[in-house]
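Two complexes, one shared chain (subunit A), two partners (subunit B, subunit C).
Coming up: the complex of A and B.
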């Protein structure tokens, strides 16, 4: 039985390796003792030191965290409201049209979005500003929130909201006490994805950055052309660690919650 | 929240009509529910009973007609301001709250103090006999326990009207019988006016003060269980509630008395039906029928016809026999263990009954197909088909 599946297992392992190998290669390079991208023959922490002591890198990191948090917040609030509205809307045609518009940032080529945003922002003076970044990144993050919240809304029994209303809860009371607590996993995973999508966004950011305001990925991108030393690998490793940690915490949270709310397995 | 006021409210529906798209859900609906009464809305699915409940709860708006609670029209008032208790088919317990939090929910919305909430919650748990389960989440409760929590949550704020939408539908048979008794007891204790939706006729008979039978978006008949069972006004009601044996024939008035013509036989019946009634069905409940091998044993005040026994099923507490009627269709006879006759499968027998227990009803074929079992219907088309072939020859 097992021998039959061994070929399949090898194939699966091979595909998994192809998927993660390019990402993992930055880890050994970040500990390199050489000043270029060749594979190291000795280990050192100097690129991490450079990263943490360089003002430019630190400023870019802080900008990314700040913009990521603010844009995730904006995307989560707007995306959750949109998902609820679209799910409950009785006019199905209008709601499905609107939902494809909301989801379009996922399919429209990033470069097209970037040019559009650049032209619009240059007109209204948002280029190189924190709010400009937050608005642009929130727009890109909204689809993740809409998809995640819509999925958890579809698992929500509308009878619960009716029951709450019949017991005297106001519409906002129903949302705060019933709907929101039950869709929190979707909202949280949407928020995480929105944050991560902002945190590693490059194309739009390249267009709307200024010499005084750049994010970590933009800094990394220019570092490839300007310095081309393994600091970028150290930065990459840190970003990898950070985003993996966020998503792992998120999925652990939703797993423990599911265990609590789902019916007993022993029935 | 005042418990000193009269506890149940009078609910009146006046000429209510509701349409969804092109299909009429209910029409010309008039129903009066007395304060404290247990009224069951009974009918097959799609008959309008759930729509009626939704109109009363406020989750659907009537297109026309009035809904009055204690004489006050409440048509436009949203559900949350109607103050009615509701029990849903799948319980609709909030999964992220414990039993106690679920039950306290309506009290919390009414801004009742925490200490008073605790008192009322434990009183409600006592009423549904679920003390000690306060801190369980719904997933940690069995179906019957969840149902009790849902019931406690609906009565905890002492609503004057309690609406239940097939609350026992998801429970197994034994638990359902048990919960029926509990619901009756709680109704007596709480005193609210109850509107209970079900498609289960036994449940309706077991629970209700009165039953409103729905069919095709309208009311067929409203009455106590006895009235509906013993004196159904339409064939639909007769067939929906319980089993029956049906004779199809013609009715006429002869010398001031109604006579039922069946297979060349004249059968007396108790009826106040007008003489215009021609095509008719004479309906007798299986437990009102007697079987015997000897027609001389049947007294003069009884009516009888000849039948052949097709099948007998022993049920412990009695016997259920299927008989072939003179017109070819099948009938059912039930005998209790203390009064079993000596007829058996394959035998010819006479089937007799007291004319007082036979109901003469207008033959309304449209409703017949909804309820009647296929085995009862199948012989008829076969007979007509044969007649059609035989004709030209």
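Coming up: the complex of A and C.
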């Protein structure tokens, strides 16, 4: 490319700004000295103070972390097992049907799942419980794990497992000492995305929350309409920071790992 | 929701993995082969509780529950408001697709022809929104659009009262939030296009614009198709964004479902609307899976 693409480049810069810039407005507003979402003329930390001293915000944050960790754990274990099963099972037809069922949360509109889950959970008493949140969020996180682990498995040399088995390793031994270490990057990135997706989930949570148990996004969502003070901007900035940090650490980890393995995996 | 784009990756991975894994499991394996099937069960149980049964419940309610003594589908059919909502949802989704294409196509093209450094930067710009909370991104637009917000302050003549609670606000928000889902599939296809073909056309006397239009554009069609589909289907199902930025008088189908279920407790009607939304979404995806085979350049591409 050369100078004749100058118009295209300018347009590209414009689009790049559209992608990133609007979101960043929550940062200055969170440091506002005003008690509305107006662009501030002076700075203060009072909204962070409100956030960290308010019981409701703190409880919601803690719930989000707890539910995120538990649901990511559940999604990772179930999703990894499923990915291995689906890749290796000799019944290709059945396993491709099952795989589309497991991936369906990606294409079914959130509101459709939310209504259905609400009806089911109200019948079996899971509304407003940690169990309910963990089950629903794990289901939503499984596709990320299945996609990531399946990708890892496709790069795995099956001969290694056969070799281990032929030298007397038990099936579980093969899994623990050969398979698992080789697919760890996929498992880890699946777990990461499962956590972040739970941490950010609004629509299903909105239906299964109770006055006594809500997550951070639910509280943020309801406070946009209810209080309209910049505490939610402070919360938003912290969420932005937190998720960026998690994913940055995750990608740094996977990059350093890839570098270690790079002599063999030529790509 | 980087969902739909990654869903394709799995199918690819599956297809690649199949021939390799078969010999490992079929003949000499010591383990009973159906043990692999059992490994799917925990995830399947979660899917049953989290999606299969709930969706079936909506379907069942839509058929059996008659709020106000009338079958839910018949009621929807007789009520022009819902046809209007459905049409509004479609036109909003279509406009979102067109605007995302207008912004995303040149951007993806720039990504495809740039050197590795610039390309990595542009990819980072595209992935940034994936990284951060969708709720925070929508909330940022609430700040921008509100009365006395930055937009109203910058252009008081035009937007003195802000744009919040308007269809324009919803449209702008949707385009910005969904743009990455257009750019990534476009870029995925474009990076596989052999630029020497365009150069060859030009060397044979085609003007650059003609070479682009006759060679590059047709080859990029699978990307246009995939990106448009993802953006369209995702717009259909959005609830939180239109609710935060728009007004209930110009509700989209997601909001109509919420109102029927939560505010009016009409589970039959909300079920019927859910089923309609789900059927349309899945039908579009199925048609596209079928149609993709007939697009140029869809084979032999990663």
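Note that the second predicted complex is superposed on the first by the 252 of 267 C-alpha atoms of A that agree within 3 Å, B and C clash if a C-alpha of one lies under 4 Å from a C-alpha of the other, contacts with A are read in each partner's own complex, and residues count from 1 in each chain.
We take it that a residue touches a chain if its C-beta (ideal position, glycine included) is under 8 Å from a C-beta of that chain, and two chains touch if they have at least 3 such contacts.
Source: prediction; values computed, not measured.
Counting residues of subunit A touched by each partner, subunit B versus subunit C, the larger count belongs to C.
In the superposition on chain A, contact of A:90 is made with subunit C only, not with subunit B.
In the superposition on chain A, A:104 contacts subunit C only, with no contact to subunit B. With both structures placed on the common chain, the touch criterion links A:74 to subunit C but leaves subunit B unconnected.
Touch criterion met: A:169 reaches subunit B, while subunit C stays clear of it. The intersection of subunit A residues touching subunit B with those touching subunit C, taken from the two complexes, comprises 162, 165. Interface residues of subunit A, counted against subunit C in their complex, comprise 1, 5, 8-9, 11-12, 15-16, 18-20, 22-26, 29, 36-39, 74-75, 77-79, 81-82, 84-92, 94-96, 98-99, 101-113, 115-120, 135-136, 138-140, 142-144, 146-147, 150-151, 153-154, 158, 161-162, 165, 171, 193, 199-200, 202-203, 207, 217, 220-221, 224, 232-233, 236, 239-240, 243-244, 247.
Of all the residues in subunit A, the ones that touch subunit B in their complex are 157, 159-160, 162-170, 173, 177-178, 181-182, 260-264.
Across the interface of their complex, subunit A is touched by residues 1-4, 6-7, 9-10, 13-14, 16-18, 20-26, 30-31, 33-34, 36-40, 42-44, 46-47, 49-58, 61, 103-104, 106-107, 109-110, 113-115, 122, 125-126, 128-129, 131-137, 139-144, 146, 148-150, 153, 176, 179-180, 233, 236-240, 244, 254, 257-258, 261-262, 267, 270-271, 274, 277-278, 281-282, 285 of subunit C. Per the touch definition, subunit B reaches subunit A in the complex via residues 57-59, 78-86, 88, 90, 92, 94-96, 105-106, 109-110, 137, 139-140, 153, 157.
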